[in-house]
């Protein structure tokens, strides 16, 4: 099978679905680029080039450049979704949700419920998150926790190209509101990706590696960090089961619980900030639903409770590292079930 | 394009339905049986009606927290509306929305909206939907004078011009955003002028004159249907009741609402005009009045008798699949 | 000591601080009311009447009515705070944060960090949250979890009039960004409240009642719900320790851990929605830091993962009840430390 | 109010400093040692300078993601700026902010802002601060043509009029919002006209003509200082480089930036004018050029040599107390 980057996988998903369904449109700032300019149309293709060149095939009625006006663009996409289209709204950076949060939180996410089940809003908001680009405090946040918190929203967090394509196609075909979070640092990560369309259902975790001693739940880019840690731990005979939930809402609680019931130990790796985050969410769920299986404290490896710093030295220290994950795993390994009873 | 007799009778029926609905909700509300916040549209009937009488079910409207009038003008079932206000299972939204979220997608009523400025982006979305699908459908965004200051509203005006969307922005200037006067909160004192500066045709009309509203709306909607882009209408109007039911209205001269009802009543204006020029007869209008009195009576009786949702309904309708 | 409602306690805090410091101002929609109208000025006094009449004493230069334009008003308050004033921005309903989230998330909260410690932003945003008023999906949310998640923000959640006054005075004097959340259903709850000014430090929980068997951590209105449950459980000989953290950021982890170390059991009561919420946050913290003390799963009693419904029947079912709290407590009481080892 | 010779030399120094700073950052950036996103102000110097030469440290400015020019014009330390861009501990923000968040509260520079439209509300806040404290200080909000479409920007215009704030809104229309042309994204094609419709005096100036900018700014700032409320200025200008460093600029005619540099260079305009009318001499200007070349050289050398923050700095400066 051909190797493709996440960027290409995403583009394929968009193109295939646009071909399949004339109601699928792309809306955003510079999703084509060049409108009202002296040069070429379509060479921008969104902040990461995912929609580059699409305007040639689909025209500017389906690849719609907007002014810088996120409330109007996300709201417009929501309104269009509620009236027959299947828009993919591109929000360059998830940080910009600050200026258009209402249109997700109070509008799109709540239509169906408020209207007694009589609205269908097949909206996808595709956005980019994460640190690592020295893009500092307003362009590096994760924020997926804020959307996981919102009833009515589904949150998709692919970690690899295969999942990215299948999940994005699922998102576009899905009749609910979906926020699709891509981590900016892994757009060039490659994988075997079929040329044709396929879907991956939401709420089904991927068991990245099977193991016996410790369960690690990791999200997005952190799946790779955790995997690095797992490889290194393996050398010391510590067997890690690594779970990539792929969607944080819905969350595949079952797979996590099943794994913890087997390993008895849980480390959660989340690049988000620590308060009311995904890590705490999963920890709390397990502390309620799989408590009796736990042999050790649940350790959360997260970013600190700070904005994302600019300087490389600081940003590198900010992002959870494989070393920190290893340390956490080693720590829970030192604790036995007996220690629990003894304490 | 003058409306024929049948159309005029339909218009009167709509305006009268809104008025009686709102006056009755005002009374019912004092019993404590209507839960939550209620904002009445009485006094502003000519706007919703003058605009929506030019629309079909395929056209969409974005509404406000003061949405009953828009609903009725857009053809929503009045009895189901009343049930919704009472929080009943057979309400228009199954009792989950209430007055501030009353909606009917099948009628193109995209929902009352309790976020001031929440709906203009949605309305342009509906307009985009029509444009992309190549229909001649349009969308109308209703906003108050207060909402006209919200960033979403301005952004939507600009977006509509940039994308040449079939969207009509109607500003219902009733002089108040809650307890603050439009004279204060609109810095330029000119809502319509601001909208025009975004690059669209704009008309100001007297919002208690149905015919003025209808004419301006028909023109703007026609432009939109012909693919000629968005327009704005500012309609000056009056709010008979307080901002919400229960509002002590200390910010308002005592009796101002009632005074308005006496001097600036769009229904009286309509009757005077159509009876005066002989287009309609008092018998015809009185018959409609009687019919509507009965309809609203029944609506209240049925709404009161209707069942509440079951507790199981709490968890449904969040997602289609999850 | 005189009995006063939360409403009055809040008003006293604002008035006392405005008298003390000319830099304290109030900004918001209808915080006075009547500007540009035919009637009286100052009779509105904010959505709950907290600032009613203040314009008479302080004038319209310090009690500032704004258009409906939350981004500009919260951002203006942030800018004013960064340049010498101590504004109290009033956001009628926390739900409206959707339209002005950026000015908190990306602006006010991050100034100090982004600018290397060189900004001081003594901003208070006072707002109202919670269900119970049949105000439906867009006027009934809690959302405090979303702000607890934001580094740079402090979150204050008073549950009674005494705390409300002391915490608000602290918030106004505090040099960081504070969001002050009042639950709309308890404005008329009364307590003994001194007439003079006093402060309550952030990050210090209030032990509402001491107990031996189970720790309950409850927030805001839920403190009262949990207390009702505790009273009822007491009759059955179950002794509850009830903790009101009073601020969710900073969180008094120590008091919670200490209590759990004593009781071994924890129930968290949170009117917020369950995903990435405060309940999960506290559960995760305890599952990491006080795991060895736990004798039973940590149960979270929260609202469901749905928007807030309108109909009274549904809304009553939505809000966590004392009965549900009792049930959770009884459940954790049936589990013993042995059960843990045995499982 | 003509500027005297000393003032003109200071102005030239500022403009030249911005130019050389930006040209040099453009070069340094290719080495890969400047982390993150960098947006250069080269070509737009006359605006920041023409506005800020009328301000004191007590006055505040709200800036954009393209903030180096505003910083320098507002008197920020150039060496500390360069260190900040390189992410060093002695940078203006301790290395925590970088190009997109460079700030200096002591100079009234409220920060570059990586949220387009993020700063107008902050600028009106600074203006409110002056008004409330009864000073004659003012605030200036700089926004691009792209930012001019953001809701926050419109809301701030209205708020400033409503509260009669001493605020000046400067729109730097360089024709692009990223890779989209202003001809497209400003529906009305008239940024200044839109601002005027909010109810404030507005002037359009040629943004590569320092004297035109300075005159318009002096007038607007004077009005604000006298308590006469807000004003707007639209300055048409050019962006020599790409949107960000590394931008392939496919949306732009090849060589457009260089062409602009040849034909619409505010520094050349300034030299031509002041030398032409004999106010300044080439010797004087050349001396400044030499001085600045050295300053920027030193700034780069020192920035490169400077230390990075320590990892401990990661956790500080989130709160004052917690």
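First chain written, first letter: the chains are A, B, C and D, and each begins at residue 1.
Rule of thumb we're sticking to: a residue touches a chain if its C-beta (ideal position, glycine included) is under 8 Å from a C-beta of that chain, and two chains touch if they have at least 3 such contacts.
Because the structure is a prediction, the values reported are computed rather than measured.
Shared contact partners of subunit A and subunit C, listed by label: B, D.
Subunit C and subunit D have Cα centroids separated by 40 Å. Centroids built from CA atoms put subunit C at 36 Å from subunit B.
The geometric centre of subunit B is 45 Å away from that of subunit D, both derived from CA atoms. In subunit A, the residues that reach two or more other chains under the touch definition are 66-67, 69, 71-72, 95-96, 98-99, 102-103, 106, 113-114, 136-138, 151-152, 304-307, 309-310.
Shared interface positions of subunit B, i.e. residues touching 2 or more other chains, are given as 91, 93, 95-97, 101, 113-115, 118, 149-152, 155, 158-159, 162, 184-187, 318. Shown here, the protein chains touch in all possible pairs. On subunit D, the positions that touch subunit B within their shared complex are 149-155, 157-162, 184-190, 193-194, 196-200.
Across the complex, subunit C is touched by residues 71, 95-99, 101-106, 109-110, 113-114, 136-138, 145-146, 148-152, 249, 251, 273, 275-289, 291-294, 296-300, 304-307, 309-310, 337, 339-341, 343 of subunit A. If you check the complex, the residues on subunit A that touch subunit D are 29-30, 33-41, 43-44, 65-69, 71-72, 95-96, 98-99, 133-139, 304-307, 309-314, 317-318. Residues of subunit B touching subunit A in their complex: 60, 62, 91-97, 101, 103-106, 110-111, 113-115, 118, 120-126, 128-133, 139, 151-152, 155-156, 158-159, 162-163, 316-322. For subunit B in complex with subunit C, the residues that touch the partner chain are 35-37, 87-89, 91, 93, 95-98, 100-101, 113-118, 146-147, 149-152, 176-187, 248-254, 256, 308-311, 313-315, 318.
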